[in-house]
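Multiple structures follow.
The same chain A turns up in both complexes below, where it pairs with chain B and then with chain C.
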Partner chain A sequence: MSFSEVARKVRAGEALSAAEGVLLYRHPNLVELGALANEMRERLHQDRVYFNRNLHINPTNVCVAQCKLCSFSRRAPDAEGAFVLRVDEAVARLQASLLAGDAPTEVHLVGGLHEGLPFSYFVELLSALKAAAPGICLKAFSAVEIFFFHRLYKLSIEEILRRLQGAGLASLPGGGAEILSSRVRKAICPNKCGAEEWIEVHRTAHRLGVKSNCTMMFGTVETVEERVQHLLRLRDLQAETGGFLAFIPLPFHPENNALFDRPAPTAAEVLRTFAVARLVLSNVANIKAYWVSLGLDTAQMALWFGADDLDGTVSEEKIYHLAGARSPQSLTPAEMARIIRTAGRVPVERDTLYRALAPRPQQEAV
Partner chain B sequence: MKRSRLRLAAVSFLNTRPITYGFERGLVGKDRVELSFDLPSRCAAAVASGQADLALMPIASYASSDEELRIVPGVAIASRGPVRTVLLMGDVPWEAMETIFLDEASRTSQMLVRLLTHERGLTPRFESVAHDRIVDQIGGKRGALAIGDLCFAASSRFEHVYDLGADWTDRAGLPFLNAAWIGRPGAVDADDVVLLNQSLALGLANRDEIARSFAERDGVNVELYRHYFGQNIRYDLGAAELCGAAAFFERAHRAGILKTRPTLRLYPGKVQRKPVAAGKSLDTLLSDATSGQRLSLDDGIRLYQSASLFDLGQAADARRRQLHPAGVVTYIVDRNVNYTDACTTACQFCNFYRPPGDGRATLLGRDELAQKLQETVALGGIQILLQGGVNPELGLDYYEDLFRWMKANFPLAIHGLSPEEIRFLAEREKLPIPAVLERLVAAGLDSLPGGGAEILDDEVRRRISPRKCDVATWLEVMRQAHRLGLRTTATMVFGFGESPRQLALHLDRIRDLEDETAGFTAFICWSFQAEGTKLPLRDDTSATRYLRVLALARLYLDNFPNLQVSWVTMGPAIGQAGLRFGGNDFGSAMIEENVVAQAGAVFKLSAEDIERAIRGAGFVPRRRNMRYEWL
Partner chain C sequence: MSIQPDFDIFSLGRAAQAKARTLFDGRACLTSTRRLNVDGTWFGPPRATCSLADEDAISARGGLASVREAGANAILCNLESTVALQAVAAGLRCLVRVPFAAGEAADERRGRVAELADFLGHFPGVDGIVPVPLGEVQGLDTLAFFALCRQEAEKKHVIADFERFGHKLGQLCLSFGADEILGSIVGQRALRLGERASSNEITRDEAVLLVRAAGFVPCERLPDGGISEL
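Take a look at the complex of A and B:
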């Protein structure tokens, strides 16, 4: 098996095997690999790069999981810096952002696993946000949180999702997947839901018509083979449900957490991962370069290594910035459009479900 | 007045035949050139005695000559890796040889084997023997250095055979320059330089024919000679070969083999390289450029505007691999010392300078400098990049004192003063540029940084830095520096709203000068850092544009051996990606960089970070000096 044979399979639209994925990962010529991923990306999306306007709200940072990779969480509710956002505070934030000019089309909500909150808090949170802005998409609660709710509130995964859906939930973010391998999870996040459980939450969501994203956090203790296996598991679920909107590779950020002595993956490794993900995940339409995590430079380059989405304007992001991300706190839509244009691509604003939106007047003021 | 004929003395070995081909066949220089053949060491004697004007001379003879000599640009007998005809052979390994016999025919190879033996920490006895008796000396603990055509037959007879060309390049990371056309200053003019290069060009075009006729003569397989001409011997004398020779002289001097460290100086004149024909498809153009062929200005612009990012990147990566096949990416540990921020040029894009006399301008004192230099040495630094503003209070004597003091107290190379600073000194002291440079060299200046080039186009310069030197002056300072044997870099800062043509012209102008002087060791480009300067940013300074420009530069600058990526300004991520878009050097583990830091670039990488980035891109990191010699 050689690179050119794998390239032929890619061009013929055939799904790649684990061994072929590993071969791509190890292919020494990064530019050749990138060119192949770009070919596929341009076949799917031509020159377009999607972005959206979104507001990040973290309901709480109190978390029982205490993952080694996290810089955001607090163990105890009364620990220094621990918080729980009141529903009215969350609504006020959304309202402020609606008035600020670049009104978001999406609220992204993820938080810690807080044992002391009732389920009604989360239902009310979504209902109140939806009531404040009926047109907005609520992308809320990673599979880890959903699974935690299921355990804590003694309701089935389906029931949890149904109730949240009833309160306005439109999609699930892709977080908490890390690497879908019990060996890796034991090492870096033993208290999070397992790989099977993560998959089960997404499968259930898809069945209920709740779309979702998926992620891979790479650069901790996993092997290249485990990364490729991770991609294949996601591809298998997508073949079953078709419910994934986008895949998001997330390089591990080392600062302020218990895995501190491990350096972050370098840009070449990140770009390589984007390219392999694009090529292996042939049935997932979008590959997202989450600029907050990557930094703008690498995100711009990723738009040529398989990515077709730059995520959002991301008001009030906390999790990555606490882990040492040096990217700006947020970007305006005009800035996002400019970054996409100078990378040689065409910006297209989208909503949560990847429907293209008509340009708003101020977006052109670059 | 009719000139007397140019008397050339050439070596009679196989490897010189492509060089003399045009003359031997009477294809060029029929009325001008008179050619004779001899052993290498006797060729040098012919110039010394006045029997020849120019000889294909071993560079050891250049090094040990009592009188000043000059080298013809463009033509060499050199190697990068195995050379096949400079071999140390024996029944026992190198370490076990008690006596090494040296072929009298080549002083350069003698020096090389002595040096490589010394660097291995070995101390055998050396003894000179006539060329035709050398192989007979081998036996037991007696090894021998053999050179020339006899190596082809002899190498299979011994158990231990060391190719000294390969050994040198494995150590230094540079080509080995064996011989070149050398003579007294003034012996040849620019037309002769063209003739000598034409004779070689004809020979290279007819390499197969030469290989065939000599293979028949010697009764060997023609493939052996074809490979020898095509792969083993390199006939170009460019910047890398000159750096290889300078490194060789320096190391031999340190080892006590050579008394002096002669400067390598070229005759005025220029290598003429014809660009590939117009009207080719982009694909053909890229593949031509990948093999090192010359691009015309129009084709350069066309590639920049029309080729895809990946096509450019792949071609540049392939060209980089061809120039640097060992998979090594180099970097240097040095410190950028901005000794003064007082500056009269007041460039629109600069955030660092203070107008002299405004009370805030500063000049680093000796104590502060001494501390910085000591720290540099302690951190393993080998060089100081010394750049400042154009401070009207500082005259040539200030720099002479400073350099002498630095050299007397610190084991650091001085890579200092960009063309603008040199021009200013010449003006202030009312001296010609070469005189300023000579005095600075005498005081300890080792090389010149290529800064202040921005875009080498007068329209752009008038717009962004009207008081800085114009294109002609920038190039002239570099030309004079190269003529004195100083090596320099060349930079380009883009993103000032220049047109693709202006950007390509910048590359064209430095490529043109490199044809003449072979004095640029590296090219470095980055995009303009606008934050806080007087120029509002309105140009594209994105990662993707940087990668395009870098890749274009790798293809266009066919005579530049090295391309640095600029992580200091572009950031480590883009810098690392640049290693796959034509870059082969990661620049400097800078201990400080004030100018760019003032304009918002705050990246800091340690040597360890740099090595990780290099490994992460799939290369082996090596430290280097300003000659791009591995340390």
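Take a look at the complex of A and C:
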């Protein structure tokens, strides 16, 4: 098997095997790999790069999981820096962003696994946000949180999702997947839900009509083979449900967490991962370059290595900045459009479900 | 400003990388560098193997002999340089800075590359080319310019300056024709706190990792100008 044979399969639209994914990862020529990924990316999306206007709200950073890779959480509710956002505070944040001019179309909510909060808090949180902005899309709670709710409140995953859906849940973020391997999860996040459980939450959500994203946090203790297996597991679920909107590669950030002695993945490794993901995940339409995690320069280049989405304006990101991210904490839509244009691509504003939106008349056309 | 690339980044990259790999056998060199400031102080690790003076410093310090006396063993000259010949004759390593601006027109860029080719024709003793961005640094544009420089550079080194590009873009330049990294490469790095928060200082181990992760064999430039494989 050679790179050119794999390239032929890609061009013929054939799905790649695990061995072929590993071969791509180990291919010494990053430019060749990028060119192949870009070919597929342009076949799917031409020059378009998607972005949206989104507000990040973290309901709490109190978390029992205590993952080694995390710089955000606090173990105890009374620990220094621990917080739980009141529902009215969350609503006030949304209202402030609606008044600020660049009104978001999406609220992205993720938080810690807090044992002391009732389920009603989360239902009320969604209901109140939806009531404050009925047109807004609530992308809320990673599979790890949903599974935690299932265990803590002794309700089935389906029941948890149905109740949240009733309160306004529109989609699930893709976080918490890390690497879908029991060996890796045992090493870096032993208290989080397992790989099967993460997949089961997304499978259930998709069955209920709740679309979701999927991620891969890479660069800790996993092997290249485990990364490729991770991608194949996502591809298998997508073949079964069709519910994934986007895949988001997330390089590990080593600051302020228990894995601080490990180097972060280099830019070449990050771009390599984008390219391999684009080529292996042939049935997931969008590959997202989350600029907060990557930094703007690498995110721009990822738009030529398989990515077609730059995420959103991201008002008030905390999780990656506490882990050492040096990117800005938010961008305006005009800034996002400029970043995309300077990368030689065409910006397209989208909603959470990747429907293209018309430019807003009162603002600079994107 | 809309900057639609009028180049095929992958074609440029393929050609540049193929040429660099052939010329340097898949090796990329780390050069720990300190730079002479116009006030006579040095910026960078004291034990750097390369002590670099640019034309501003040479002029401010009173000429080539003075900067040599101050410890410089390499100069970074401009394309309009008048000191390149003297520097080579004096046994100093001579590098040339090639400016470029993000988003400039293709004609303008071709002009810069032609100017470089002309300079190299007049000064065959120049050992390396250092692309230097004017204003905002943009990733794709930078990589394309490195690839163009590689095509003109023949056997000269094409050098990514980590102080200008940072580690991320600097590393990627290796895949687009660069074969040498210039920067504050140190044994142990101070924490990036306070004044050093945005420091581009990098340890030797980190630099080796960057080169290996880019798919190249790391080498190191020695004080006597030799190259040692790591």
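Miscellaneous remarks
Keep in mind that, in the parts below, the second predicted complex is superposed on the first by the 361 of 366 C-alpha atoms of A that agree within 3 Å, B and C clash if a C-alpha of one lies under 4 Å from a C-alpha of the other, contacts with A are read in each partner's own complex, and residues count from 1 in each chain.
Note that in this section a residue touches a chain if its C-beta (ideal position, glycine included) is under 8 Å from a C-beta of that chain, and two chains touch if they have at least 3 such contacts.
Owing to the predicted nature of the structure, the values given are computational and were not obtained by experimental measurement.
Considered on the superposed chain A, chain B and chain C are sterically incompatible, since they clash.
By the touch criterion stated above, A:Glu158 is placed in contact with neither chain B nor chain C.
Among the listed stretches 130-138, 202-210 or 490-498 of chain B, only 490-498 clashes with chain C once the two complexes are superposed. Comparing which residues of chain A touch chain B with which touch chain C, the overlap comprises 28-32, 34-35, 38, 263, 265-269, 271, 295, 297-298, 300-301, 304, 342-344.
Taken in their complex, chain A has these residues touching chain C: 28-32, 34-35, 38, 263, 265-269, 271, 295, 297-298, 300-301, 304, 338, 341-344.
Those residues of chain B whose C-beta lies close enough to touch chain A in the complex are 309-311, 313-314, 317, 540-545, 547, 570-574, 576-577, 579-581, 612-613, 616-618. Those residues of chain A that touch chain B in the complex are listed here as 28-32, 34-35, 38, 263, 265-271, 295, 297-298, 300-301, 303-304, 339, 342-344. On chain C, the positions that touch chain A within their shared complex are 1-5, 9-10, 13-14, 17, 102-103, 137-140, 143, 166-169, 171-172, 174-176, 206, 209-210, 213-215.
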